[in-house]
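Think of it as A, B, C, D, E and F in the order they're written, each chain with its own count starting at 1.
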């Protein structure tokens, strides 16, 4: 049971639109705060979009998701879980990342996350663009000493080869890089939701060469989310795995506020069921990325993102 | 057959964006108008959101729904009904409700609706927040002398205990209050679409203790709207029943303009089929509530709400 | 194989948000450009909404669709097609159409399209309101000397009788006019997606009298898009057919930016599958109409429209 | 003193966002209503934009202005006037104008206004695009038998020659046409606020040839609104004059919701002072045109337009 | 000199869009925090709009203003002040105010502010609607034992008589109530910026009867802000005074996000100069109210409000 | 006189919303196009915001400005100029700039502009963030062999020291860098419009140390734009000078669509007069930067930006 210190105030005591907005209304703990030692799961933001090839704005994601997440209440009605009571959670703040220098930005994030992981806190990262995920994977890999599985819910594989000269890392290739660096185990990796136009088949080819399972959206809709997620569970197995959720997995009618939307995606209900289906796996870290508030005039994407964050949290909570 | 006085002008005679916007382009009849005696079904607005716990704005609902409803044409293509020809309908105006005094506001609404019901007019109320529904239930109960059934399409049960001290009525507990006051018959009450996070299980527990049937969204999607609505019809039976439609029943991708959206809901098609499935029941009154125009920048929620209003009308029309 | 001149630049060479926006980043060829002789399929815009009975703005459609279409990449991930490599495509520009004079506007469009067709270019027209389609049908009929089939994906039949006195052509009756003028073969015509309210049954009656197959949305959802599109293929057969896609076919949650939205429509996934199902037919021309940017604040409708345009292109590409 | 029937309800009795929205919350009187005989000043809408050369949408102006105008209270704080008490005002509704046929649309408007003028009602027209003004000028000229003065507040002269072939009337030439038809007396005509780019000097040349005084914005800002309006009063004199206010007179920061905005215009304060400066003239009719709600996402233009309408009303009220 | 603990992080160390958003990036101190004893000036929010007669939404003001205020840097370029270095400032959080019960909400706010004042912290309140100001005035009056002066920058006097039956306090009468309760000294009260329509002259009459100086906007523009503010300084004198800034003081082109905008107001430059002109007075407390985020789609009003908050802070800083 | 090839089509021949949108509807000439040799003034875009410290989005500026600029007509009404007839202008396209690699991006831009300058084309650059200006200054300096004057209209000096570690160039220091590199002559440099909060006085100190004249907004409003611009002309003198216009010079009520708005700025009228006042100087190049379409929902900033571009063009045109 959580210490009451770690329990968010109820909307019945302080209206949900009131108060300083931390993730889920959890206590904010700076790196020096001694109570960090008690934290089991930590939310933190990587407010950075310096690897974005198309429409920028994901640097504003953590701010918008903190705001929207204050609407979340204590209990998951569908599963009956009360995750804040089941484990001690906190908001660990944002990493200072230079918007104009990729190397420095990634370095700062890796150092911060290494500290988090070192303290025994499971990371729940809020992006930022998808290259941010690479920093979490690196920190987890370094701490664990071995590669782990990956479940990716996304409309893109992010296995693209580098494009644009010079700097080779973009938000289109974190997982290609992660495979190359040996961070993730490709044969225990599954990617779900791919669709839209492509430059060529190079990303799929790369994935297939390495044994990654890629589920295109047509297969997803044909078979239904239940069978697809059963297969995903089987691929990942009981060993440790990371869960990455790109908001553009969901159809842009539901989530317009993202940089590279692709039409023809799942509904919010389907997306949430996909996350819930992963309950019981050994999820060592997770993230929600690519929420871009400048393209989300009604705030609906942030609200959906906050709802997904809560489901990610519940999947990581003790049974 | 309706008197031509009660037939809305066609868009072929006056473009639908033209003219003073009344509900469905029906004649507006003030309380003193003698033609009120001929009315069988009356639209009216309760422009009030003084019981809203989260984002306000539903006070602007009747205005936006009158505007959008001028786009509705004469015939329901799916059912073949022409409701304005089948019964004499009118716009009865809005009730003057103090935005700063709940007791006075509710009292005025109850008095107005009592007058409507007394004239033999079936009420089709346009909110306003969900506490507005309580005033219709009270007026109908007073006039009929006995409790009636209820079908609620909503993402919340609105059976919550009072929250916030002092004033105990909020838009989160009209139906708890209605059960307590004996306005509705809980064993003939069915609530469909519940989802999202919860403070606890108190609302469900209350409902179940009183015999209310609650269909969560997971069950709704598992079984499909057909079987669920068949069960709803069976629960309500042939005795009188009230139908309350909270726009947040529908997924926020379709209906962003509401105060407390919950992701993972039905599509507009599914929602409309749910209403249509109730044809033939003895619907003594209905409402559409919680449309909040300030959160509806594109006007899509108002347009969807107007479409739902038309379906509510058709369900109340003679076969 | 296309001449490299006709291959759009990749986003890897020039970011997709950069450069002068032509349709799909194809070369723009004016009527006098000699390279028009090499073109097999030509995009062009009819920026005109002078026949719109409700909310105007479709005149701005071609501009917004050019902009959004620069996001399209080379390959259709679902089908594996690379249409720009398979046939030589170009942007032929917009027709100068008077916004205040219907006769002149239609005449200019017909003359322009006649020229396009004469050059052996298959037309892919971007509207504009739905009356624009009539000009393409007239030009194709004149060039071919016989009527052809029609597949219409739309929420309306556009078989309405003239409404408003005087000028009889509106965006509500291009296909009634096309039947009357003998442009299309009604027995090889299928219309899919009809829904919403109606003035009366006159449009359906007209269609049925002439042998047109009309699939209402309820049937579409009951049977699923697969069986419905199989039937559509059978109706159209192997003879030449025209394909017209009104963006209001898709539910307004996905496509709010249109003049006369009707709730309860298909998702973007379903809509795209409907187009793909037509592969292999003899499509002699196609269009996407009724995108109205002033009602599309987030640009999502334009992006969905551009995605549909790409699918139309793929259906018209060699197998 | 007005009959209480003609006094709008106070916001203290019915909140201003409540009730069926008529212009200024005045009673709506259809053409057949016998109380029209008592009306001294009549608001009515011309919901039409069929002569718009650029961005359409002004057809939605009357609807939006009725909505916004319900915010207006009884008294002009600056002048102390209570116009609704000083003369009997009413909402006469909208004219049915075909969106697709200019001749019919203008004919209907002229017939309607002729009827209004015949009943001795001074017209206060709400557009619609600027060609709508021509119909008021024609009706007034026909009734009076002689030309009258004109004050135009606008960023354009609307003295342009016809452009686009065929139909020669556009919203760019109502006043050229009015001069040609002898409706207005050019030597008693003053146009204020002209700015932006031009095709050529033909409109100015035409105006100057006929003796029209044109005040460009540079002169307006140099001299200040006081001296400019003093000159305008002197030009118009004590004989009858018409007052036309195009919302694009005001800078687009204040009034973005219009079809052809021109940057560098007056503030709302300056614009209102310009209207007030005309008090005491013999204003026989007035209008507010070119409010285009699709380009007014925040509704600020409609609210400013409603405020201008109230000032126009006050200028037309007895001293 | 401030303790470094009270110095906001620079954007050069943590980008301004990053981190948990407190007012001005100051430390958040809960009521129990011992460091509150060191605070000299405290920001806090009253997230409440339960007294709003027109468009609601000001309850969301503190959230939006915290967000926007993270853009403020250390130094006032115009005055050279560095207020965070000159006095120890903090974010004291929001008061829990029931959205449905006015008595409880006001009582909670008064108790909270009494505690703030008791600790010797000068209050800088962020609303909320204008009735929130009454709670600050009451707390200051109780602590000081005598009435104080008032400077109000607003488009309304908020001296209106109660309207709507029952509950008599609304956001239209805080200062009438404050005069009645003896909180403020009317002869040392000045109100600047009044404009728009009025129900009658009752508010002005009340003010004038009590000796309040009211400067209408016409006088403001005629004389210029310099002379007007000189007079305001003279009226208030050197004795203690409270400064209340309603965002609707500024023209809605600059500040659309408010509940009751009035056209024809000052620019942001003029408004800021008005605040700066008060430097050197004995300002015992201040507020910024009526920012309503639902009507501020671009966030510009919140940004302007945050800029005004900084100017209020500078006026309250030691010279 | 221009060759007709270089004259944009009139809106009377092709409505201004029609056609492929190039800058000002000028012909687009790729680097290889032989007609580039005839060009005297070239528009081109630098679609890049990789040096933005706050809100990104300026990479989308050239696209939005091309779109808006199609509304510009042939003649400057205020000055009588017809710049397209006076010199041969063209749209030279956008530079391919990597969004993720600053060095490569700047390098590509410099190479492109060097080519433009080499062809004798005067550059009119459309950003992009303000660091883009550095590439133009470098290319011009290299071609000319000596430093030139600078007029900057902006709310910031962009003389800030590097902030964020690593990469030292940001959009906050192009002119510091330009001074350091000897590109501009500081004693012939004038910066106008500075306001808002600051980190410290380091930027002003740097400027003053080098002899740059900085006019803060308070001085601008006190003296008026006329005297200020007279002084600017005197500082720059008759020798060559560059003119850089940051859209955030103008108040955010007029230009909300920018990354770092500062309240309290000039109106659009005043801003345009500032540009016009520079006529007759030897302007060797100019730019408009920092238009950020994601923060410009109504498109008003792009339209204002296009109007400013036209004024920049007129200032560069032969007398």
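Quick notes on this one:
Everything that follows uses one rule, which is that a contact is a pair of C-beta atoms (placed from the backbone, for glycine too) under 8 Å apart; a residue touches a chain by one contact, two chains touch by 3 or more.
Heads up on the chains, UniProt names are A, B, C, D, E, F = Agmatinase.
What you see is a predicted model; the values in this text were computed from it and never measured.
Any chain bridging subunit B (Agmatinase) and subunit C (Agmatinase), meaning touching each of them, is among A, D; the list is complete. Compared with subunit B (Agmatinase), the chain whose C-alpha mean position is the greatest distance off is F.
In a homomeric contact, the two copies may use the same or different surfaces; for subunit E (Agmatinase) and subunit F (Agmatinase), under half of the interface residue numbers are shared, pointing to different surfaces. Remark: subunit A (Agmatinase) and subunit F (Agmatinase) have CA centroids separated by 39 Å (rounded to whole angstrom).
Taken residue by residue, subunit B (Agmatinase) touches two or more other chains at 15, 17, 53, 55, 59-60, 99, 164, 251, 253, 267, 295, 297, whereas all remaining positions touch fewer.
In this structure, the chains touch in the following pairs: A-B, A-C, A-E, A-F, B-C, B-D, B-E, C-D, C-F, D-E, D-F, E-F.
Of all residues in subunit D (Agmatinase), those touching subunit B (Agmatinase) in their complex are 13-15, 17-22, 28, 45, 47, 59-60, 62-63, 66-67, 91, 93-97, 99, 297.
Residues 53-55, 163-164, 194-201, 216-218, 221, 251-253, 256, 261, 263-265, 267, 295, 297 of subunit C (Agmatinase) are the ones touching subunit B (Agmatinase) in the complex.
Only residues 10-12, 15-17, 71-78, 251, 253-254, 267-269, 272, 297-298, 300, 303-304, 307, 310 of subunit B (Agmatinase) touch subunit C (Agmatinase) when the two sit together in their complex.
Residue ranges of subunit B (Agmatinase) in contact with subunit E (Agmatinase), taken from their complex: 49-53, 55-57, 59-60, 98-104, 164-167, 169-170, 294-295, 297.
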